[in-house]
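Below are two complexes that have chain A in common, paired first with chain B and then with chain C.
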Partner chain A sequence: MANHTNHNSHAESHGSLKSYVIGFILSIVLTIIPLVLVMNPLFSKAGTIIAIMIMAVLQFVIQLFFFMHIREGEKPRWNVQTLVLGLVIVLTIVAGSIWIMAFNV
Partner chain B sequence: MQQVANNHEHGHAHDHEHGHEDHEQLKVLGFWIFLVTDCILFGSLFATYAVLMHSYAGGPTGKELFELPGVIASTFILLTSSFTSGLAILAMNKGKVKELIGWLVVTALLGLSFIGLEISEFTHLVHEGATMSTSAFWSAFFTLVGTHGVHVSVGLFWMVAIMMQLRRRGLTPVTRRKVTTLSLYWHFLDVVWIFLFTVVYLMGVM
Partner chain C sequence: MWESLKEFASWFFVTGDPLIYGAMVSIALTMVAIVFVLTKYKKWGWLWREWLTTVDHKRIGIMYLIASLLMLFRGGVDALLMRVQLAFPNLEFLHSDHYNAIFTTHGTIMILFMAMPMMFGLFNMVVPLQLGARDVAYPFLNAVSFWLFMFGAMLFNLSFVIGGSPDAGWLSYPPLSQNDFSPGPGQNFWIWGIQISGIGSLATGINFIVTILKMRAPGMKLMKMPMFSWSVFSSCVMIILAFPILTVTIALLYLDRFAGAHFFTMDGGGNPMMYLNLIWMWGHPEVYIVVVPAFGIFSEVVATFAKKKLFGYTSMVAAVMGIAILSFFTWAHHFFTMGTSANVIAFFAITTMLIAIPTGVKIFNWLFTMYRGKISFKQPMMWTIAFIPCFVVGGATGVMLSVAPADYQYHNSYFLIAHFHQVLIGGVVFGYLAGIYYWWPKLFGFKLDEKLGAWGFWLWNIGFYVCFMPQYALGFMGMTRRYYTYGWDLGWEPLNLVSTVGAFLMGAGFVFQVWQITYSIKHGERDTTGDPWNGRTLEWSIPSPAPFYNFAVVPQVKELDDFWRVKEEKANGTYKEEPVHLEPIHMPKNSGLPFIMSVCWFIAGFGFVWEWTWMAVIGMVGVALVMWARSFQYDTDYYVPVDEVRRTEASLGRVY
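Our next item is the complex of A and B:
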């Protein structure tokens, strides 16, 4: 690449080996914990569901930060803003559907 | 801000190049917006699944037919492929085309074995009498998991195409951008799978 300054900013904006390895290890841990919880239940069924959903969300956040580098977008963080909008829509659809259909008994 | 500082340092000779770079960055943002809409697609399918989760219509249940070992294997395969696509990005940042293509090959092979496992799971389910028309539960299941599988398959074709482009053109701003969007797509598919694994399989066998 002809442009040195730009090249540098590219390199740092896509993380280091360290951050990928940390993200990978954390993801593995957050996959194994729910597995163990489901195979030998420590909590009640509702408790287990809440626990494994929390693990899934945590793993999503970890991938977002360590793999997808959500923090390192430039200027106004359009990517974060669209993501937040998307998540609001997804949560509305999922929670709304479950809520409405809960009255369908 | 940084863009302004850069322009200042390099004078106006690079203006055109910067414009090009900006354009590629904009395309990455555009792709990101696509991923967010894809999120909404999966959100709707998850909502459908959550609503129809217990509508077995007298047919087999998930608990009876899901085989966790295969699913656990696919989970770790996809997670590892997400990691290797990150390593591909690191190789790209170092300007090493061969290493980059190498990691993409590893990622594609992992993706292929994921699809292989999924196909064998689906054939197993159909043999056990759980097809798309068996019950609302199985319709929702095959639609949700199948849509993810189709995404992974499309990603595989895309990956092969990009490897060919990298061979032919090497690292240019355009191929860089393509590898960046591809790896975003691949991480996204892994994120969707985490929720599939949790909601469909882990909750399914509970």
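Our next item is the complex of A and C:
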């Protein structure tokens, strides 16, 4: 019962096949890079961790743009609010875990 | 051939315990009886058309309710078995492995397969009606959610007779839950039962957020929305932020077990403590996910039965939304004793104490709503009044636990057990029961019998305090959780015996409630008005049971408690009758795909549990095929003609 009385005309774009394929390929590439880095260490341990984190953040951005349609929608205000809340929670999870698991070190 | 078959069966099925043999026989007999009845009365087609393929939120709600009551029965039997074992020292009723399995399944079932579906049942039964909507935003997805939950729960319960129950605690902490210490499929049943139903929970969270934001009746601004819908919104925000953490965490645990990864292992760079950290990041919001809707129910019930507007509506909204955010900042208090830094402990102790503030605000709001109200002590109100002192004590012991230095004494003792049962039974169970009694007439068209209900109420309440108050003392006396037996020399036997008596009183209360439901089906007071409690919100403005399209005419909302306003205006003659104009109603079509897709998930899950890759692949291919089929389905909705609406309404006593 969502608001789709008319199936043929979509008021807003839901992305094209091309954008989905690009997003999918980029996500896969950004997943394979960390795997390769762990299997064949190019950097030091700290360097590998930083590289993995950069890949994770990049993939996060790609998902937002290619799959979550962050730029679209009638009321971008909602998007921004939920994005801010989501970022706060993600930051809490990551920073909180690092803080807790540091065990005074 | 026969020998190898026998060998397979003794490995595949759980053997050697008379209790389990008894359960197997009763499960087999029940299934034969169901098949027999359905075949004899030719009800297979009816079952498929009316229930298995339905996308009607009210029917999905009823199915959630039935499933959760069955799970309450199973979790309750687990609890009684444990209490029997602990009634006297050195009892040999259950051996230690069986006891471990039972406390694991008790916890998992009560939270994930009893509280969650009962909550989703109430969401489904009430929210669209309260918002003046004709269904949820995504009815098909709603059916997917339900069937994923159902098959996840069945997969989990299967472990009881096939393969062996999980026995590493309700949160399956590693290293105990790793292959070294828990070989075999038991832990995998835990992982995949939760994983499959967890996808459904996440989808429900999304579904109801969209429903609340997009499907409110015209004129219903967010700040004119009934309090229960607000609490559902808060709960759903927590669901979509917390459940992905659970999914990822137990997926990593499965990779450790299945693929030999080292996320939470003792060696190879893994860290089991990271699992605790991650699982409680879901686990703490989870308890607020289940309790916040109960707060919403109490708000509705108090306003209705005190015949007053809810006191402090705005502060109540702020409190439930504040809890949604705060709940993500307290998780480390579940493992203060893990040995992290003092700053971490101080931070999480303070955030935990902060939770008491919005909760206290709510308690005072309910009390002030009752103050000088004309209270009628019907069943929903009885449970609400019983909830308040129970939850206050439970909350106070929670604040005691949040004092980190003291927590080193209480941690994992029976004090903790008593605390969380007090907030979960006193808050969640009492709340959902209040909600079920309150909205039952709307769903089924009759009230539940007051007299039998009073028996159930008093047995539950007396039983609760008899069961759990001694456990606070036992905690102070040094009894820790998950002991399967204890010696005579410890002095614990009198309090344990009292506690067991209390547990059986609650069990008797449940039996009275089952009796109450079966009795009321025939003899319960029929609700002919649609408004049996003199309610305030939109769901009471339509007939009971609600017609499948809910509202013949979409209501125009002007105020909070809009139905109350209409009734008052009608009483003092200021109501302006507006000409009603029936229109064809746009409704979703039933679909069998959610059921089929969930069966495929079940097959895949069973394959993953036994690590039979071929079976998992077959199941996942099935899931993909169903999704493929659905994405090319265009004929998904239809219009109910005006004539049919008029006829249905006339048969329910409403003339347009």
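By definition in this document, the second predicted complex is superposed on the first by the 82 of 105 C-alpha atoms of A that agree within 3 Å, B and C clash if a C-alpha of one lies under 4 Å from a C-alpha of the other, contacts with A are read in each partner's own complex, and residues count from 1 in each chain.
The criterion applied here is as follows: contacts are C-beta pairs under 8 Å (C-beta built on N, C-alpha and C of every residue); 3 or more make two chains touch, one makes a residue touch a chain.
This one's a predicted model, so the numbers in the text were calculated from it and none came from an experiment.
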Could you look at A:34 and tell me whether it touches chain B, chain C, both or neither (first, second, both, neither)?
first
Who does A:99 touch here: chain B (first), chain C (second), both, or neither?
second
Could you tell me if A:86 is touching chain B, chain C, both of them or neither one (first, second, both, neither)?
both
Pick one for A:68: touches chain B only (first), chain C only (second), both, or neither.
first
In the superposed model, which partner reaches more residues of chain A, chain B or chain C?
B
On the A-aligned overlay, A:49 touches which partner chain: chain B = first, chain C = second, or both, or neither?
first
Return the residues of chain A at which the contacts from chain B and from chain C coincide.
1-3, 5, 78, 85-86, 89, 93, 96-97, 101
Taking the complex as given, what residues does chain C use to touch chain A?
133-139, 210, 213-215, 237, 241, 245, 271, 273-274, 277-278, 281, 325, 328-329, 331-332, 339-341, 344, 586-588, 634, 637
Interfacial residue positions of chain B with respect to chain A in the complex:
1-3, 6, 9-10, 14, 17, 21, 25, 29, 32-33, 36-37, 39-40, 42-44, 46-48, 50-51, 72, 75-76, 79-80, 82-83, 86-87, 89-90, 93-95, 171, 176, 180, 184, 187-188, 190-191, 194-195, 197-199, 202-203, 205-206
Mind listing the chain A positions that touch chain C in their complex?
1-3, 5, 7, 78, 85-86, 89, 92-93, 96-97, 99-104
Can you list the residues on chain A that touch chain B in the complex?
1-3, 5-6, 9-11, 14-17, 20, 23-24, 27-28, 31, 34-35, 38, 41, 45, 48-49, 52-53, 55-56, 59-60, 63-64, 67-68, 73-75, 78-79, 82-83, 85-87, 89-91, 93-94, 96-98, 101
